[in-house]
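Letters are used for the chains, namely A, B and C, taken in the order the chains are written, and counting of residues starts over at 1 for each.
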Amino acid sequence: MCLHTYQCFQDVHVMIFVGFGFLMTFLQRYGFSSVGFNFLIAAFSLQWATLMQGFFHGMHHGKIHVGVTSMINADFCTGSVLISFGAVLGKTSPVQLLVMAIFEVTLFAVNEFILLTILGANDAGGSMTIHTFGAYFGLVVTRVLYRPNLDKSKHRNSSVYHSDLFAMIGTIYLWMFWPSFNSAITNYGDPQHRTAMNTYYSLASCTLATFAFSALVNPEGKLDMVHIQNAALAGGVAVGTAGEMMLTPFGSMIVGFLAGTISVLGYKYLTPVLESKLKIQDTCGIHNLHGMPGVLGAVVGAVTSALASPAVYGNGLQRVFADGEPGEWNAQSRGGFQAISLVVTLGMALIGGLVTGFILKLPIYGAPPDTHCFEDGLYWEVPGEEEGHHELNEVATPNETEKLNS
Amino acid sequence: MCLHTYQCFQDVHVMIFVGFGFLMTFLQRYGFSSVGFNFLIAAFSLQWATLMQGFFHGMHHGKIHVGVTSMINADFCTGSVLISFGAVLGKTSPVQLLVMAIFEVTLFAVNEFILLTILGANDAGGSMTIHTFGAYFGLVVTRVLYRPNLDKSKHRNSSVYHSDLFAMIGTIYLWMFWPSFNSAITNYGDPQHRTAMNTYYSLASCTLATFAFSALVNPEGKLDMVHIQNAALAGGVAVGTAGEMMLTPFGSMIVGFLAGTISVLGYKYLTPVLESKLKIQDTCGIHNLHGMPGVLGAVVGAVTSALASPAVYGNGLQRVFADGEPGEWNAQSRGGFQAISLVVTLGMALIGGLVTGFILKLPIYGAPPDTHCFEDGLYWEVPGEEEGHHELNEVATPNETEKLNS
Amino acid sequence: MCLHTYQCFQDVHVMIFVGFGFLMTFLQRYGFSSVGFNFLIAAFSLQWATLMQGFFHGMHHGKIHVGVTSMINADFCTGSVLISFGAVLGKTSPVQLLVMAIFEVTLFAVNEFILLTILGANDAGGSMTIHTFGAYFGLVVTRVLYRPNLDKSKHRNSSVYHSDLFAMIGTIYLWMFWPSFNSAITNYGDPQHRTAMNTYYSLASCTLATFAFSALVNPEGKLDMVHIQNAALAGGVAVGTAGEMMLTPFGSMIVGFLAGTISVLGYKYLTPVLESKLKIQDTCGIHNLHGMPGVLGAVVGAVTSALASPAVYGNGLQRVFADGEPGEWNAQSRGGFQAISLVVTLGMALIGGLVTGFILKLPIYGAPPDTHCFEDGLYWEVPGEEEGHHELNEVATPNETEKLNS
């Protein structure tokens, strides 16, 4: 284990609790829930993940080994749950979220075991295990939980000025520490440096693409905060598999540029179609930030693996590809296993999300009514506005609240 | 000194300046003062602490040795002052705060010298030296400064929506970096890893207990931001002494669960009684976050010490208990010294707080009048509201301000 | 390269993206642009800087070597651009900012090459290369772009309550991580420790001076958020050159105290004069935070170099002064080269800023009209206020916007 492991853990920890937590505070009346439920389900998931991951691939003589590495892996698994949280944000009760976490963490650990241990896939930054899995799992859950009358809460499903600034805190922290995220569990030395740098270049390029396309797709040439907050991060997702490979700075920048582009275009053109045609109500647009860029990352990883050779990696080949004995190296089969891993991940996510979605649909969890989605007041004591604070006058009136509680 | 010391210093530094600073911004009209005075007294205290701690236990040949370790210790001492600041928040002038810091830092250094050097106590995360001392010192100071007419400012002694979100920045940073805080000055290697992990598990468990009890004690089952912002951190306080010992993950989680529980119950049931019966006006509820969990941590530390044996720690015993020669080890006496340390700390805090409180009561520091507590406008140029900004229309009217300044 | 390099990189990265980004959110209606354009030009500049710095002093056999050190250096160069951004904040379009970055990064790399490689100057924390260069470059640019009718947007050129709190996030992060900034590319070991500690003491002292003078220069003794947000950081700027030298803690504190004092006095008395007499509209007051403290830092560095001797540094002399062979050491000439470096930097900044300013004055970049400076609505989709959010009712009315876009 490398010397920097604890630092990487802290960077990843910041991404999970500050990054995801504040990224979701963009909703005008759901800030307490965004950062608070993020805190709750993260603190729960990391404990449950320690057990599940330990059970599947951390057992030694009947005991689960814990340490900084297990803490990083638990944070990774938690990240996957928080991605799914983004799809159902504002439409679920905390109990629903905890039940979702129980199932998703368990399936994450199973999928991770299949990919990393059985198929021997490379996925250090989790394009497949974290992003693709979390995104499609969450999308299926939100599909099952489809609310035809969600437009009754539509007026709250948007941001206000300062809530967008709080969300930028999340964005910037995710952006800055993504190199640590992707490199946290790579091998120390060259692979770790390469991963951090590939991620850094991909993100920088992705950010420029995001600003450019955000202005291009707007009739007045104005920038959209939703794109900046989200699409600028897609570059980190898309090098999550291939980051530790010989992607080169230029290759990383191309991947980042593509990721930012498809992410902005997804927000602009695909998300409305998913909602109207496929009945997928994706609050945070996780399909654009984690879904498509995750699949892109998996494909880039498969292609880069299939092109790997001792001539390119030298003695470093074995450090990147666990089974890469220089003599018996078979890049094509390596690429094939990467592609199979993507298919397995998508299958696990879709079936797991389907089952979990139906479990969450049981009317026993205190889910918010259609008229009170995206509203902190249902689950939190929200401060009043006697002191001339006018931002909050959209809260349910006392009569409505009585009705809800009766 | 370990390789990671500078990183631990930075983590602790973030807790002191961002963590404490923003945690206290929850008040609707006291954000400038919370983060600003926190900045001021922290920057002052760390310089004064370097001198005081150097004088008591950092002198070598008549010179004070400074380095990353002294910077961490100065931050620890500063943390204690900021805890006391939480009790008097909104009711003191900056001059009063600086005077309080002068006395508190000095007494902190004396108490630390008695505990660590004379009694040989273990207290790496400062359950006693930092939290218990800072909390009871501050509670006595605020008792001496009791304001019978504080209800004239009662309408400002609460949060607004966005001020609670700013406070969550502080909470989350304190929560994430607490493992670094508790392990910053433990011995490198196993003890440091163990401390970080025990703190991590305690915090995770504490957070779940906090959410659960916050909902349980509310008649409508709603969560209270005050609990989430504060009680979720009590798990870090409560393993501040025993964290480097063989507490085990499960033991840490029990301690964290207890800490979160008593902290929420304290906010709900004890704080109102302390105010009405004992005349202790504790703005931030430090008794619930630092006082009771600190004492709990000291007791857990004493018990864990009394149960320590070479059979459990192996060769690591000496690394944890400085005087622990395996042959002549006496766990009972070790536990006894820990218990004595708690008593000494409480005595120092109570007497020191009493004397400091009366010094602060002298009418020479420009303390705010009862009608203008929890109000930035007294000490800061507060931006106007010409631009349609309606949040601030509770500021003292020009007439009132004139009266105050005349 | 030292073991901590990646950590230093992350600390510097946080300063660039969170520190600078949020420090500039103080304007009431320019938060999206402050943090968003900061993000954009930083992501652009670090890529361009990697190429330019690589071209001038990172080429090996025709290839540019990249790594954590090149990432830190790119962040340093980016910092310089962001300083200049502070002067023109609210008065430039994103295209203008990108064009400015292209020229400024290039000239930064040339100036850095002259100072560090040709003149062999010491400037690890960049008092000259980053702060003096960025400040005077930006001041000349804003002078060339002088807007006589800027008072049409005057009502937006100020803060509101919560925007000042967002800005404090930036301030606190810059303050905490400045020791990492100044020591990031010093030699590992003693010089790095010395730099971090000198910076830490300078900042602590500077903060006290800032609070004291902010109250002293106010007729009512009130503190001004502008001073706290900015002047408290001047201590980090002013030890950017001499930080790795034998400045001693006490010497650092004197430098920090001076820096805080001149910075507050500059905000209070000099900035209005610069605007009215010299037609320099310096939105963030970079002359007070980076300009004067940067020059002070260069002078302190020259004097400290001129006083250096093997008697003081022992075997460490060579580690600090690259050309410092103990036998042939000539401190006076070292001090002279430092002084020449300051003059070269000022010359490069003034001429470069002049040329860049005239290029930016071409009417092809979509610069905001005088009536719509300091206004997000021109370049961003700003959320509406249907939900009772009254902060934003100052936006251009539809009619005005139509006129602007036609």
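The working rule: a contact is a pair of C-beta atoms (placed from the backbone, for glycine too) under 8 Å apart; a residue touches a chain by one contact, two chains touch by 3 or more.
This is a predicted model, so every value here is computed, not measured.
Copies subunit A and subunit C of the same sequence differ in orientation by 120 degrees, per CA superposition (steps of 5). Two copies of one chain, subunit A and subunit B, touch each other, and the residues they use overlap weakly: the shared fraction of interface numbers falls below half. With centres set at the average Cα position, the gap from subunit A to subunit B is 34 Å. Residue positions of subunit B touching 2 or more other chains: 3, 7, 162, 169, 390-392. Those residues of subunit C lying in contact with subunit A across their complex are 3, 6-7, 10, 13-14, 17-18, 21-22, 25, 31-32, 35-36, 39-40, 43-44, 46-47, 66-68, 71, 94, 162, 166, 169, 379-392, 405.
Those residues of subunit A that touch subunit C in the complex are listed here as 3-4, 7, 11, 28-29, 155-156, 158-162, 164-165, 168-169, 172-173, 175-177, 180, 193, 196-197, 200-201, 203-205, 207-208, 211, 218, 220, 222-225, 228, 232, 249, 253, 390-394.
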